[in-house]
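Which chain is which? They are A, B and C, in the order written, and residues in each are numbered from 1.
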Amino acid sequence: MDQSVMTGGFSDPSIQAAWGFRAAMNAMARPGDILAVQGAQAPAPVSEAAAVLLLVLCDPDTPVWLAPSHDSDALRRWVAFHTGAPVVAARGEAAFALGRWDSLAPLGDYRIGTAEYPDRSATLIVEMDDLRAEGAVLTGPGIKEVAGLNLPDVAAFRANRALFPLGLDFFFTCGDRLAALPRSTCVTDPAEVS
Amino acid sequence: MTDYNFAYLDEQTKRMIRRAILKALAVPGHQVPFASREMPMPYGWGTGGVQVSAACLVPEDRLKVIDQGADDTTNAVSIRRFFEKTAGVATTGRTSEATLIQTRHRIPEEPLTRDQILVYQVPIPEPLRFLEPRETETRKMHALEEYGLVHVKLYEDIARHGQIATSYAYPVKVEGRYVMDPSPIPKFDNPKLESEAIQLFGAGREQRIHALPPHCQVVSLDFEDHPFEASKADHDCDLCGSGTSYLDEVIVDDAGGRMFVCSDTDYCETRRGAGHLGRLAATRQEDAA
Amino acid sequence: MYVAVKGGERAIENAHAWLAEERRGDPSVPELSLAQIREQMALAVNRVMAEGSLYDPDLAALAIKQARGDLIEAIFLIRAYRTTLPRLGASVPVETANMRCDRRISATFKDAPGGQVLGPTFDYTHRLLDFKLAAEGEVPAAAKAAAPQSGPVPHITDFLNRDGLIQAEERHDATPPDLTREPLEFPANRALRLQSLTRGDEGFVLGMAYSTQRGYARNHAFVGELRIGRVPVEMEIPELGFSIEIGEVELTECETVNQFAGSKTEPAQFTRGYGLVFGQTERKAISMALVDRALRWRELGEDNLGAPAQDEEFVLSHADNIQATGFLEHIKLPHYVDFQSELELVRRLRAEAEAAAQEAAE
């Protein structure tokens, strides 16, 4: 096993996982807020923030799907070594999926939960080139009035919102920063607002 | 520190709880099943709240634990000590200083901020449970948004008593979708469910977690001609004089004499510290001297 | 005058110190050792292991000592400890046909290969207090069998199965769900129901079983076979490519042979109920088999008679004594905030009723 597989985990797992989760929870509770995390390094091109999310949330109980943008032997081995999560071959089997937006599509293939268990839905970790609190206009639970986030799309998130209480939940990662968008958020194109 | 993992639970258990919390925040008011563990305190004594707190705590947290609004009730003391021992976190009685507050049956009087998390201990998370005992049925009712039964129950109250006779664990509707049980807080606290803070509800024995993100719409169920009313005892606090806080009634002598005091002990002490005095405050200070 | 209730912390410490003193009892009486409990209170140890879901007689003995003999409290201690143990792997299913039986009886056949072995049972003892025990006398050694059992002992139900007289159990290798790792969900499959029953409260499961005998979903159970003994536990080691024995456990297994089902198209067949419990715990194992059988009504095409023992959600939701005792006892905790809100409400309702009555009188 080469060195890159064994390294990049948390040096103090219970504490770093606690910090990482706190950031992830704050992000999910306040769509559009951008938070910094640290302490994990997965093989390229995985961002530090995405690596932290994998370590915080994934384990043998959570099938992971790696989008073509991120799938590699090195990453598969890293995920297996550090989390024990099974890497699955189909989007529809995944509890978590990681990749760039275009590579994660089509969204319709992921699990969106059932009417009785809407929580049994996938969470997507979307790697971004940039993360800014501007762009699409966000309203809904967790947001005082409005928030902004440079989402890669608007229509897709609107369609996802229309499924509520079913649907997908998203993290967006860039470098050491992350933001989130739960299915409950209403997304509007800024052009429509002004 | 101790031989236990940080905050007692093993990492895999925490991950499982953390995933449930994220889904609960994404679908406000929906009860997410989680594989609750057997804790070293009994079911019904806050195991759900303890597991949720354990999954959220970071070493920098300042923890406050209240039961019935008070920091020094025995079970609150016991849970606070548990986390002092297993997570090594600082603790406080001051609402404003706390970053994570675990509570049973009350929401602090002082409005919470965005830097705080409120964790509720929940005995029965299902608002429909006493109308329909079967989980298989209530789950369907939530799925179909079939909440007629709750309204019928509230309406029967009105028919019998002239008003809605539910005074605590008063059901709410979250973001126009899920009917949720806010845990047995007095209905006086219901308006405070719309908060700046993240609110997490943990039911250990019943294996459910539900959540309210900040600024989430939470409406207490009512009827146009019988609107919801957040009622309390029609008195001021006899110690701090507050006319707006929730009061406990204390029997003080054999003749049935009674006094009313804030249930939120920190709120009351802070007010007295600032010089506010109630009807019996002077007598009490003599006693203490 | 009123002084706010303070000093919860000190009160707790003092209460615990007093409890420790009471647990020890009169210090002039010698203290119980764990070995004494393990050896002489073995059936209590077995119950704590079964309902605590942890096979460790020494820890169970410790829990009984710490709990002052309160078995539900002891079970609670074991469960709480169990939570903290890492899960290293899963064993291969135990093969009860390979059990070294201390006891093996069948009520359905007078004799069968392997024979009837009464074993160390209370059955046929006259329940007379034995005052010799009060004198702490030595027990004469029991006679030993000339030829101890060798090789597997076939299950009685296998004989019936061979002739198609009893409904066959499908063999499958699917990983069963785990009650302790996943939230309970309904409808539950049989594997999950059996897990719940085997660690369920003995009294509760007994009461449920008894209710079926008295006509609440009666299913005419015979004890096809009851066996108690030790079985090896094996674990597969992936690195080795084969399984190795890691120890052995004592188990009680009960298979009931129940009323036959059948129709114009399907010939009549007996049906089964199954109980498997840690340790020598035969009351529990038999009860479990009866309740298991009652819960199988859907699968066996029977009517739901509305009997409590047929109601999976009712049985599984209330069988766990640790859940039950915790929630029951939590009503000792202060509830004055909720009570206060009720008090205000009742006062207001009464005041309004009085005002209305007065108005009517005027």
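Note that a residue touches a chain if its C-beta (ideal position, glycine included) is under 8 Å from a C-beta of that chain, and two chains touch if they have at least 3 such contacts.
What you see is a predicted model; the values in this text were computed from it and never measured.
Ranked by C-beta contact pairs, the top pair of chains is B-C. In this view the innermost chain, defined by its CA centroid being closest to the centroid of all protein CA atoms, is B.
One inter-chain figure worth recording: chain A and chain B are separated by 30 Å, centre to centre, where each centre is the mean of the chain's CA atoms. If you average the CA atoms of chain B and of chain C, the two centres end up 35 Å from each other. Computed from the mean C-alpha positions, the centre of chain A lies at a distance of 43 Å from the centre of chain C. Counting partner chains per residue, chain B shows two or more touched chains at residues 33.
Residues of chain A found to touch two or more other chains are absent. In chain C, there is no position where the chain touches two or more neighbouring chains simultaneously.
Remark: chain A residues 13-15, 17-19, 21-22, 24-26, 28-30, 56-59, 61-62, 95, 114-119, 121, 123, 140-144, 164-165, 169, 182-184 touch chain B in the complex. By the touch rule above, chain B contacts chain A in their complex via residues 5-7, 11-12, 14-16, 18-28, 30, 32-33, 55-59, 114, 139-140, 142-144, 175, 177-178, 198, 211-217.
On the chain C side of its complex with chain B, the touching residues are 1-9, 11-12, 76, 79-80, 82-84, 86, 180-187, 313, 317, 322-323, 325-330, 333-338, 340-345, 348-349, 352.
The residues of chain B lying in touch with chain C in their complex are 4, 8, 10, 13, 33-40, 42-45, 47, 67-70, 72-78, 81, 104-106, 123, 134-136, 161-163, 165, 167-169, 184-188, 205, 207-208, 231-233, 238, 246-250, 252, 259, 261, 263, 265, 280, 283-284, 286-288.
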